[in-house]
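Each chain gets a letter, A, B, C, D, E and F, in the order it is written, and its residues are counted from 1.
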Amino acid sequence: MLQHLIFFPVLLPLLAGIFLLLPPLQGYARRQRVAVFLVNALLLVSAVLLLQQSLQHEPQMYMMGDWQAPFGIALVNDKLAAIMLLLSAVLGFAVHLYACAGDDQRGPFFHPLFMFQLMGINGAFLTGDIFNLFVFFEILLIASYSLLIHGGGKQRTQAAVHYVLLNLVGSAFFLFGLGVIYATFGTLNMADMAYKAAQLNSEDIALAKAGGLLLLVVFGLKAALLPLHFWLPRTYANTSTPVAALFAIMTKVGIYSLWRVHTAVFGEHGGELANIAVGWLWPLALATLVAGIIALLASQTLKMLAANLVVVSAGSLLLTIALNTPQATAAGLYYLIHSTLMSAALFLIAGLVQEQRGQAQDRFVRSRPVNQPALLGGLFFIAALALVGMPPLSGFVGKILLLQAAGDGSDAAWIWPPILISGLAALIIFSRAGTTLFWRAQGVSQNQVVAHPLQITAIILLLLTSPAMVIWGGALTDLSLSAAYELHQQPLPVIPANMAVPEVLP
Amino acid sequence: METIYAICVGIMTAGGVFLVLRGYTFAVVLGLTLLSYAVNLFLFASGRLVVNGAAILGESEVYADPLPQALVLTAIVIGFAMTAFALILALRARADLGNDQVDGDND
Amino acid sequence: MKRWLLPMPLHSLLLLLVWLLLNGFSAGHFVLGLFLAWLIPVLTAPYSDHQSRAGKPLVVIRYVLRLLLDIVLSNVDVARRVLKSNHSLQPGFVAFPLALQGDFPLTVLASTISLTPGTVSVDFSEDKQWLYIHALHITDEQALIDDIKQHYEKPLQEIFSC
Amino acid sequence: MLSLELLQGAVLLTSALVVIALILNVWRMLRGPDITDRILALDTLYINSIALIILLGLYNGSALYFEGALLIAMLGFVSTAALCKYLLRGDIVE
Amino acid sequence: MESVVHSIAAVLLLIGGFFVFVGSVGLLKLPDFFTRLHAPTKATTMGIGAILLASMVLTTMRDGSLSIHELVISLFLFITAPVSAHMLAKAALHRRVKFLDHSKSAELAARAAEQKNPD
Amino acid sequence: MNLFWIPLLPLLGTLVPLLSYRFGRTATAALTALLPALSLLLVVQAIPAIFAGEALTWQAEWIPQIGLNLAFHLDGLGLLFSLLILGIGLLVILYARYYLSESDHMGRFYSYLILFMTAMLGVVLSNNLLQLWFFWELTSISSFLLISFWSHKSDARKGARMALTVTGAGGLALLGGLILMGQTVGSYDLRTVLASGDVLRESAVYPIIIVLFLLGAFTKSAQFPFHFWLPHAMAAPTPVSAYLHSATMVKAGVFLLARFYPVLADTDLWFVIVSMVGLATLLLGAYTALFKHDLKGLLAYSTISHLGLITLLFGLDTELAAIAAVFHIINHAVFKASLFMAAGIIDHESGSRDMRQLNGLWKYMPYTATLAMVAAASMAGVPLLNGFLSKEMLFAETLHQATLGSLSWLIPLLATIGGALAVAYSLRFIHDVFFNGEPINLPRTPHEPPRYMRVPVEILVVLCLLVGIVPDFAVGDLLNAAASAVLHKPLPDFSLAVWHGFNGPLLMSLLAVAGGITLYYNRRHLFAFQGQFTDFDAKIEFEKGIQWTTEKAAVIHRWLDNASLQRYVFLLVVFALVVAGWPLLQLEGAAGSRPQLPVNGVALVAAGILIVGTLATVMFSHLRLLALIMISIVGLIVAVAFAYFSAPDLALTQLSVEVATIILFLLALYFLPQKTPLRDSSPRRIVRDLSISSLVGAVIGTLCYAMLTRPLNSISEFFIANSKTGGGGTNVVNVILVDFRGFDTLGEITVLAIAGLGIYKLLAGMRLYVPAADSDGRPWAKDKNPMMLALVSQSLLPLALLVSAYIFLRGHNMPGGGFIAGLITAIALIQQYIAHGVAWMKVRLNFPYHGLIAIGLLLATFSGLGSWLFERPFLTTWFDYFSLPWVGKFELASAMVFDLGVYFTVIGATLLILANLGQLTTSERPLPGGK
């Protein structure tokens, strides 16, 4: 069974999604909850095992259909993939717990869609094949479209219209890009692409560049790269709470794809195709960060704040990609884990605030108090500390890593100010948000809504990762760095150049 | 022939993009459909054009590249699913927002 | 016939025939065709609520041959009219009084009329006593009606015994 | 072989006729005037493309085009029926 | 033998092509919707039939065994063409599509559109 | 001894009050004090060693990647601060026991206080730059919690926010400075850095380091112009003010100046900035203090002034000044803490802090008054008190410097003026509160506080006297140790004596005292003069500033993001255009070396029709049904093109998808407006969009052409070679779909399945307006299910199923396969829906489609999992040939099961989508939950 371990993160949610549509699970909320809980736990276990495997071995491949790469589709487990899988497992586990407090019953098919969403995300993390990446993108997208509208409501529908239509256009560009890629590389396996990049015909170079840059558009759209990021805040802010929290990892899929394709395939070893995206990423990532900061300061609700923070973190992450060194990638990886989990926690907290504050929801205005000020305020305070980047929580390590990754040359002159200012902006808006939401209350609460133990557990679970990331910061930064080196130096297991092709048999 | 093919793809893309930039969901979905035709032809073209060479073993002498065909097939199916979703979403928006403009009430 | 055993024998026969047409006549496909000719009617029987019994195979064959001939003639006729100047064209609507009964026979009749010279079935009246026909060129309405009655409705009445 | 040349000529000539027919169909589609004219033209376009595909098969001596023709025959009808139903009832599946 | 088959096929093809052509010319040329309806319903159907027949003849000869699966296409076409025409005519009646002024018994069109009996 | 325990014990102590506050106030205070007391004991235990010139160090690896290690170092400076932090901290704990009321959450308060204590200890003991910053930020956070302790008060919230924002901003700057320092030196180890002064001072980034570093220090120590937060932090409970805002936190900034003095000082830049900022702060604070009516306000500005004094000392270019600075740190902490506590007692017992109400308290609380007056005198710099000594040293050093070149004489003058102001406000504190007639409208009649509330004040005042009278005995060693830790070299000679004879400094002191008395005596004029100016309320200005920032941010944000999809799509398209077009500019000629296919008439006409169809679709897009008909042409021609270019499978798929799409569009169109307003956008917009879309079309077309005309060397040979032998099928495309890349196909049908579920979700509970008439206002026809259509449709169903079986079964070897077969079946069933209606179908086909989807996916997945039994990866296929008598040879393959899964999924998803949409107008609405 263990030789199939790499496939588990995709297979488990797929099977779960299927069985949730069939008797005896279909139609029974409690059974569905328990089933998904168990699957999530299994996903956690497999992710841990995969991480262990990636630490002990060279990157492992799982060849679908037993066809050798580059002909068959390869799933690849290296350190980077394993870390991302663990991240998605932790996030999925916590978010699902939260959803089980009642959000899951606000519309049909929440649980299977949740599983399919995880399947898509995990598949995107695992696949070593660029077209298969497209397929998993589509899986995670269609699942996200469906989850986005969970619970219904005007604003949600409006957000969905924007999100869906824009992403559909994005998918079209993905396919244009893939067309060019196949037309020039003649292969779909990413390692094979990396191998062939340096040996491309000179007449194909410009074409391959166009293809690679079209993929930059697609990944940039997912990763919230300016000017493609505008869809994000309203989409995240308007969807249901657990879905928004789960979406915290969606931009990271874009970042991850940029690593896989633009750092590895079109990376240093790419000959004339080396680093094609870097020149574009530099100014745009900076601009993303700046635009994110501005939007952050303009936030009027807690969910919007959380969503704008996602943009800010996207800007920072994109900068690490633009820096294009293993150190920067390692910094990005650490920061990615931190920002994903903490943003998710913040979304969940915002959900509770929204519910308890009645009409004012999560707007930054004076209103009736929340029913559990100490509890929610405390959780908020922790999340805020982490996201602002203040000690003792993980944000500060991420911030230091980012600053250090910029080196001390001219790069730093560009990167430091926005990174530091983003911290200040976050501090300003968080202190405004926190003092308003939890302290600036008048009257008495008009509802009896209190947080469900599962919701609190989920949030605490997410928040606990932050101190853990600091306490075991040494091990984690080491891991990030070796994952980054693996990505930069030996992109993926190298494939035999061209296997012997058997004679054609009619 | 390649020239004509490319011109067709270009025009379909242009038409699709133009429609996608409209302000009404129906036009946008129509544009997406047009765009996906263009995309499929484009992706198909990555295997180059071959006449009378279907990749059915024994049926032809020269085989067209079968891989892009398989990819296009996948893309067609996914495109269908996506178009369907987008269309129904347009309906939902019409039901919830009272009109069929992509940005709701504000123009 | 029974629900699980040849619910629509004629259909089954037709399906077997079509299967063999599609795949060529081989033993293997005969077996497979038999299976499908059994399975598909069993699955689709619920969707078939007009069970008209056809009889008199000879009449059927004669009708079909006649129909084929008329189709050819009808085409020549249409071609002539299309290629000629349209000024002399005298199109018009005709109400055809139906003696035939039953949905299936009526459908066959309407289809026949559409495929044959100068006429297209337009619609039935609600009580299915009348069939409205559009004719490309009408010289004598009654003659047209009589012609249809004679050539098509009568044989169909015979075939479906109604 | 004369007959073969004759046949090839016939295939080409027929193709030309079919292609002209296609152009005429499109012309009618653009002209209308009523939507029913356009649907009729579309239906005819579907059917004429069956001819085109069969001719392609004959020209290339390949049997691989048959299914395409078969499908157009089946699906063209569905499409026409749906369009007409739409004109009549608005709701095509009611 | 082969040349005979070729010739038959050629003739069938030309007949088919002619009718396909005629159907479309009619579609373009005839004066109103109802007259136009006649052309493709009959001519085109028949034209395709002839072309399919040619194809049958040729493939049977080429493969050396009876190859008449094109019959299935013809079957479909002959079953569906009248229904398509019927539906189109219904729609046109319903939409009160204009027809030639001098059409005979024009008043029947209105009755037919309502599916009423003639008076 | 393990140094780690010194900060760790208080850290553990944060939990004590939270756990023990139920046991009563006294018990809580006692238990809370326990661990800090232990910690103090540890510090005291280390004194001999430190005095002997040793230093204690402890280090452990933490996050070496970023240079952050757990590293503590106890030297003289650390010792001095540790004693202040722990000593005054313990006094504050005792004091707070009486200060806090029953309604205050004492556990929480103590917990925050101890957390702060830990943070402060961390700062002063850190031996690692990043760790220092770590604790530095913790002081900001814990002080935020303490200032906002009474969070129901607007003042407390705003004051806390302001303090956090200002010190937080400074903290970020400090982080920048420290990282730059670390990068320049190549180590974050404090000892290494402190030994690398020359490297730093010569580095090109030195000015940046200085600026960032000082931003950190000055914000924390409330130096001008960042001083404004401190008075508003007085909204905190008084123990907090006594502890944080006099003795410890505000000293963190000057601690930094002291700690990095050896590496950063000794340049003109440093001296000018630090001394000028210090001087300005000294004067401004002292002057403002004079006018404050609020006791704590006066003390707060006085604190600012004294911090300015200390800063000024660090900015004077002499070593003795630095020693004086260290000395004043001690003295100020002692007298200011006691003054705050006294102020707290007055507030506590009289209910007011307003000096206009507070008068003549001497009568009511003589003992407290005495203590306060001694401390105030020390603040004023009266001889025999500790404040006098360090002020004398300041005066002396101002006379011995040349910081401002020929203008250096200004510094002693201004320092003397500052001294006079200090005398004046101290005098005001004493006279205005304890004398000056009778109290006015006090909420309570004042009386002496509880016995133990006074103890901390007593201890501190005794210290004032002790240091003031016998300085060398009281703090000589400590000062020596601390000062040598600051200077990092042997100390110059200096004497801590009360009497140095008549000299310049003494004269300055006398002048200051005289000037102060004069000022206070003429206070009416002074107040009248100051009264002309409107008060600058930093809180309001700060809030306005923040508001301005957020509003401006909102304006820019709205300008950037107008919430319009049209703009988003436009940006996406333009972006794609630019990045994809850019490389094409480098391409010399699009045409490649691959031979091209000849053009023929049929293709030309087909292309023409395709283009016409495309253009017609675009042009008629506002007449929706028409556009739909036009796009059908495009779909049809694309299918024919696929057939022509050797892709029969694609042609079949395209055709069937095309029809399904049309049906879907028609279903949707019923509920949508039939027409779009002809002018849905401005002509400018149209021109813009036309240009952009043409450019995109041109780029894509060029890419396509370039692609098509270049030779391809691909992996596909392998598929062709292995299709039959390895995959068991001759239709290579199908074998790729179900075998070589079956995983893609599994994903693809998953997408379809999810789309089905999503659409079901969208439809659940949807309420749509059902139009009663078509777009021309014509009522719908009455004939719901035309008889001929119904009859023929049902007759065709078996035939369609047979064809789909045919397509399915041959797929592996010939064009076809599960997907196309599934669509044919689905469309045949949809045709029944169209012909007969939902109600009729409901009776016959009452099947949960999502179940069918699930079964399909399950079949596909299980067919892939089957290979696990044979120890092969997922989707490894199996096939073999069998022979039966009568039937002949036939093939069985696991791929067929996979394809069957595809078949079912396609049917399920398509029907789920189409049939459910069809049900919208019937009474049979889909129920949420899919039950």
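Just so we're on the same page, contacts are C-beta pairs under 8 Å (C-beta built on N, C-alpha and C of every residue); 3 or more make two chains touch, one makes a residue touch a chain.
Worth saying up front: this structure is predicted, and the values here are computed from it rather than measured.
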| item | value |
| --- | --- |
| Chains touching both subunit C and subunit E | F |
| Most remote chain, CA-based centroid, reference being subunit C | F |
| Identity of the most central chain, Cα criterion | A |
| Remotest chain, subunit E as reference, centres from CA atoms | F |
| Distance between the centres, which are taken as Cα means, of subunit E and subunit B, whole angstrom | 32 |
| Separation of mean Cα positions, subunit F and subunit B [Å, integer] | 41 |
| Centre-of-Cα separation between subunit F and subunit D, whole angstrom | 62 |
| Interchain centroid distance [CA atoms averaged], subunit B/subunit D, Å | 22 |
| Shared-contact residues (touching 2 or more other chains) in subunit A | 131, 135, 138, 142, 145-146, 149, 152, 161-162, 165, 169, 176, 179-180, 182-183, 188, 504-506 |
| Residues of subunit F touching at least two other chains | 563, 565, 569, 573, 644, 648, 669, 700, 703-704, 707, 712, 714-716, 719-720, 724, 730, 740-741, 744, 747-748, 751, 754-755, 758, 762, 781, 783, 786, 788-789, 792, 795-796, 799, 803, 814-815, 917 |
| For subunit C, residues that touch 2 or more chains besides their own | 18, 22-23, 110-111, 121, 124 |
| Interchain pairs in contact, sorted by label | A-B, A-F, B-D, B-F, C-E, C-F, D-E, D-F, E-F |
| Subunit F partner contacts - residues on subunit D that touch it in the complex | 15-16, 19, 22-23, 26, 29-30, 35, 38-39, 42, 45-46, 49, 52-53, 56, 64-65, 67-68, 70-72, 74-75, 78-79, 81-83, 85-94 |
| Sites on subunit F touched by subunit E in the complex | 776, 778, 781-783, 786, 788-789, 792, 795-796, 799, 803 |
| Subunit E residues within the subunit D interface of the complex | 2-4, 6-7, 9-11, 13-14, 16-18, 20-21, 23-25, 27-28, 33, 36-37, 40, 44-45, 47-48, 51-52, 54-55, 58-59, 62, 67, 69-70, 72-73, 76-77, 80-81, 83-84, 87-88, 90-92, 94-95, 97-98 |
| Contact footprint of subunit B on subunit D as seen in their complex | 60, 62-64 |
| In the complex, subunit C residues that touch subunit F | 8, 11, 14-15, 18-19, 22-23, 26-28, 31-32, 36, 40-41, 43-44, 46-50, 103-104, 106-107, 110-111, 121, 124, 128 |
